[in-house]
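See the structures that follow.
Across the two complexes that follow, chain A remains constant while its partner is chain B and subsequently chain C.
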Partner chain A sequence: MDCVATGGNVKVLAKAIHSLSRIGEELYLESVEDGLALRSVNSSRSAFACFLLSPLFFQKYQAPSDQSFRCKMPIKSIQAVFKSLASLDRSVEKCRIQLDSEKNRLTITLHCKHGLLKTHNLSFQDCESLQAVFDKESCANVLQAQPRLMVDTVLHFPPSLEEVNLSVTSDRVWLRNHVEDDADSLRAMMTELCLSSEEFDHFAVGTQTSVTFCLKELRGLLVFADSSGLPVSMYFDEPGSPVILSVTDSVLEANFVLATLSEDSHPKKNHVNSDTKHPDTEQPPDDFMSDDMDSFLIAMETSELPGPSHVPTSPPPPTNNRKHSFIEDEALAEGPPNKKFCSLFFSSVLPTPSQLPNQTMQSQEVLASDSEDENQTETS
Partner chain B sequence: MKFRAKIIDVGCLNHFTRVVNTVSRLTKACVLRLTCDHLYFVLSGRVASGGVSMWCELSQGNFFDEFQLEGVSADANEIFLEVAPENLSRALKTAQNAKSVKIKLTKKSCPCLTLAAELPSLSSVSRVVTHDIPVDVIPRRLWHDFREPQMPDFDVSIYLPPLKTMKSVVDRMKNLSNYLVLEANLNGEMNLKIDTDLVSVTTHFKELGNPPWGDDGSQSSSPAHRDPDLMAEARVEIRKLQQFLTGQQVNPSRAMCNIVDRRILHLIFLHEDVSLQYFIPAVV
Partner chain C sequence: MPLSTQSQADADQYILIASLDNARNLSNILKAISLRDHAIFNATQNGLKVTVEDSKCLQANAFIQAEIFQEYIIKEDAVGFQVNLTVLLDCLTIFGGSTVPGVCTALRMCYNGYGYPLTLFLEEGGVVTVCKINTQEPEEPIDFDFCSTNVTNKVILQSESLKEAFSELDMTSEVLQITMSPSHPYFRLSTFGNSGNAHYDYPKDSDMMELFHCTSEASTCKYKMSLLKPSTKALALSCKVSVRTDSRGFLSLQYLVRNDDGQICFVEYYCCPDEEVEEE
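Entry: the complex of A and B
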């Protein structure tokens, strides 16, 4: 694999990485013929982001010889390469990312002014492909706005605010801070912002809806969009279905997928595969709704799945236990145990092309997230 | 009980915000007293606040274009609310370019001060941001705790040195000691002193001037009888003095302090439409 980004695109690449760092601790990098995909997911599997850079983004793009290469690494290590955006602007002319397959390193070389070369050799881990399953086309509601609108809107909420509620009617949008229904919440300050549909570039509301999601993870995308000047599109459906924010131009597509609070107290099973619901495989609800973290760990140890206990999900054996495993995934989501977010559906099922028209990597098999176990053979 | 007020002028809004910011830096919770003509932010000296008390008075007409109040009863036409000024500060922060800001007393899941700002937008319809700030209504029987403090019988009254200078001196002294002595005389001289086992530091200020409290200051014994060189002092916790100096967002037109020897340090900041008084008890 060998790709070269030049000029302003180096900064765009850096910004994409910084955006992803707001989501998760690890960067998943995948190079295929269609382009370079940079992805990240948070530990509770409630937020996922993907930047797909097409070959045209690069001055030179050479896909790996065996059709695809994927790896993951701590995002901090690659962030360090692109640390100072200002100096990237000033002095970096070219950035080259190469796979050194002998030494199993990813070599990032920054070609700077005055002939200065900065070479970073990053080690990586093999991993399974990381891809959340989502379908923008099937969402009932689509909004598109200039990034400035979104940034200005979010300003009214404190940086520490976790969850925000978005409600839409046929001509209005409300954004409110979401407060859990408990005794403390009665004394919390409530903020609400109301926007008219006219402020949006595109406003298509199928049904009056109200969804609640995590604002923090979104800020990474907003910063990216604001600096790129590209409009932000929001796709969402009913509570429980993820909300997708998207920024696109001719050579780049970024998707941020955030889980939303479901209305029931039990984690809603994902709609995409609702026919695979197994009521009897659902663990006693109390375990998963209690505040006791131990109950999560206990459940994992008794599960059929292999994998170290500190990883909330492990890739299932490739065939039979698929359905069982992703239900496990959802139920075993880390994070504040009484959160009612359902985990995004990380499919362990190879989707048929018709199921997921919007998935960008058609040829990619989608599996549950990577295994820490490096002995696991990669399925391709 | 009803309260509705509206600010339209951007200058008034900015000024009001600065006052609220100053108050929010001084205390986490205080009492907002509303009368037909004034607003007061009051912190009564309690053990919980370390004995400091604060009285901030605003003349309503200088800030609000509309102001309607119906107090607890006809003979007690006032409202006392306990509020966290930080919430008010936060609500005002992003409303600085608003076309109008309305404040109302409302009842949501609890009594609230609702602040609604009409913001400029890209379309013909304004953006409206609404903040519901939870408050506690203080019953009438407790109002006496929040009366205007009496001007203490001070020994010396003196104008303060430029706040910036005073603040930087106090900041540096804080690194060396927890307590500071502020002493001043009627000759316009003030000293800030710290004294520890390792080091003593004194900063001298001269020619500060002494406010002419005449018959209208509640001063019984005429200060003229006092030896002008005699220092009155108050030993206070530096942290409290620093907190007061740091919070200031409004540049006062007059800044002075009254010292009751070894008892109280009374700081007074006056602006055209706002007055802020802060009482720091002296320690032994």
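Entry: the complex of A and C
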């Protein structure tokens, strides 16, 4: 594989990598039919991002001879290559990415001003294809706005805010911070922002709905969109279906897929409160702080699990370690996102049988400490 | 000026008096060598030399010539003492870092001799602070015996280009490898870290390269990253840097620093090569 990016595209590439670093700790690189895909997923599999760079993004694009080339590496190592983001466009003239399949190294060469050459030989690991299932076309609601609008909106919410709720009617959009506990809601500061449909470049609301998702991961995309000036499109449906944020131009397509809180049949979303909470779950070293996010999830393509998902009975202590044991398998062709639940670590989520249509569930790995037979433990 | 209202009697006792209208001309350069707590001061007629050493493998020196000082009086051939550099820097910057133009701290540094503290009179905006810092017996700085005859390779670069490289160095690498060669890659900095290795190549015809002098053979030497990383401070202050290695693999980095008033001072770093221990 040999790709060369020049001029301003080097900075775009660097920004894409920085955006992905807001999602997960590893960067998945895959050469696909349409170009080069850079992907990342968070540890709870509730946020996924993909930047697809078409061959035209590059001055020169030579796909790897082995068409199914894919690898992953710690995102920090590749971020280190593009460390001084601010001076990138001033100093870097050309960026070349080459694959050395014999030595399992990815070589990134930056040709800078004054003849300076920076060469980084990064080691990578083989991995399975990482692809989330989502279908933008089937979403009932589509909004498109200038990135500035979204950045300005999000500015009103404190940086520590985890979840935000987006509600739409036929002519308005509300953004509110999402507060879990009813008790807390008396003490928490509530912020509500209302935008008229006129603020949006495109406003198509098929069904009035209200979805809640994690704001933190979204910020990564907004920073990218803001710097590129490209409009951001939001596709969403009913609660439980992921919300997809997309930024597209002729040579690049970025999709951020975020899980949404499913509509709980139980009125209180806090059934995962301190009682059922895993006793020593403090802060999970993870994006989701609150384990009330019982049903966050993204439909991830995984291998079919043999049996029905089994329901955890007690929160197993090593749950937090389970997050790395999700199977990453070949993409399976799936339909539009179903209301799938993922029992996340915290053991809390127990989807009721009625809410489980077809379960391709990783729940087994999440829970029982001995159900590792299908697990492909990731070599670290 | 309050500082000069000291009685003449006091002034007679001092064997060293050095005054600066802008204390930053001293503090900035001392920050560039502040790798350790203790600094050895050696004052001669020519000026002040301050030395800091680290684990007997690295030595950093700052030279502030007598001409830099507004007043420089030395009553002996050589005056030496050792002080805690961190404390000294705290005192020199005691008025905080005011960046208001025209406002700066004036300094009068005085020393009575062996056994006496180092006395600093600092003044800013009419406020005077007197600091007395205990001194110790000065240690003998290591003589790295780096003489120009043994120099095998020498390169002079504009600091601008090296600054970026140093700030980006992979800190997970234990060593920094410096390669100087008459052919490609000419001048190369390499790191070997957790995620892989990285090379920064400076071609000899780069316009950042002011001088490229390499003997017929290429030399590649490794130096402990932890020892060299602090030199980034000196690099940040400087406009030019000379990199020299000698036949033993010892490294000499010399930085040309311009102070606030445009005067030139020098900072140099000497470093031993990282020998591979043959016990693997």
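Definition applied: the second predicted complex is superposed on the first by the 262 of 380 C-alpha atoms of A that agree within 3 Å, B and C clash if a C-alpha of one lies under 4 Å from a C-alpha of the other, contacts with A are read in each partner's own complex, and residues count from 1 in each chain.
The definition used in the following text is that a residue touches a chain if its C-beta (ideal position, glycine included) is under 8 Å from a C-beta of that chain, and two chains touch if they have at least 3 such contacts.
Keep in mind it's a predicted model, so treat the numbers as computed, not measured.
Overlaying the two complexes via chain A leaves chain B and chain C side by side, clear of any clash. Contact with chain C, but none with chain B, is seen for A:S91 once the two complexes are overlaid on the shared chain. Once chain A of one complex is fitted onto chain A of the other, the partner contacts of A:S170 are absent, as it touches neither chain B nor chain C. Shared-chain residue A:H120: touches chain C; no touch with chain B. Look at A:T207: by the touch rule set out above, it reaches neither chain B nor chain C. Of the two partner chains, chain C is the only one that A:K83 touches; chain B does not reach it. Looking at the shared chain after the overlay, A:M73 reaches chain C, while chain B stays out of its contact range.
Aligning both complexes on chain A leaves chain B and chain C separated at their closest CA atoms by 7 Å.
Of the residues of chain A, not a single one touches chain B in one of the two structures and chain C in the other. The part of chain B that touches chain A in the complex is made up of residues 87, 90-91, 94, 108-110, 121-125, 127-134. Taken in their complex, chain A has these residues touching chain C: 73-74, 76-77, 80-81, 83-84, 87, 91, 105, 114-123. Of all residues in chain C, only 161, 164-165, 167-168, 170, 185, 194-203, 205-208 touch chain A in the complex they form.
The part of chain A that touches chain B in the complex is made up of residues 149, 155-156, 158, 186-196, 198-199.
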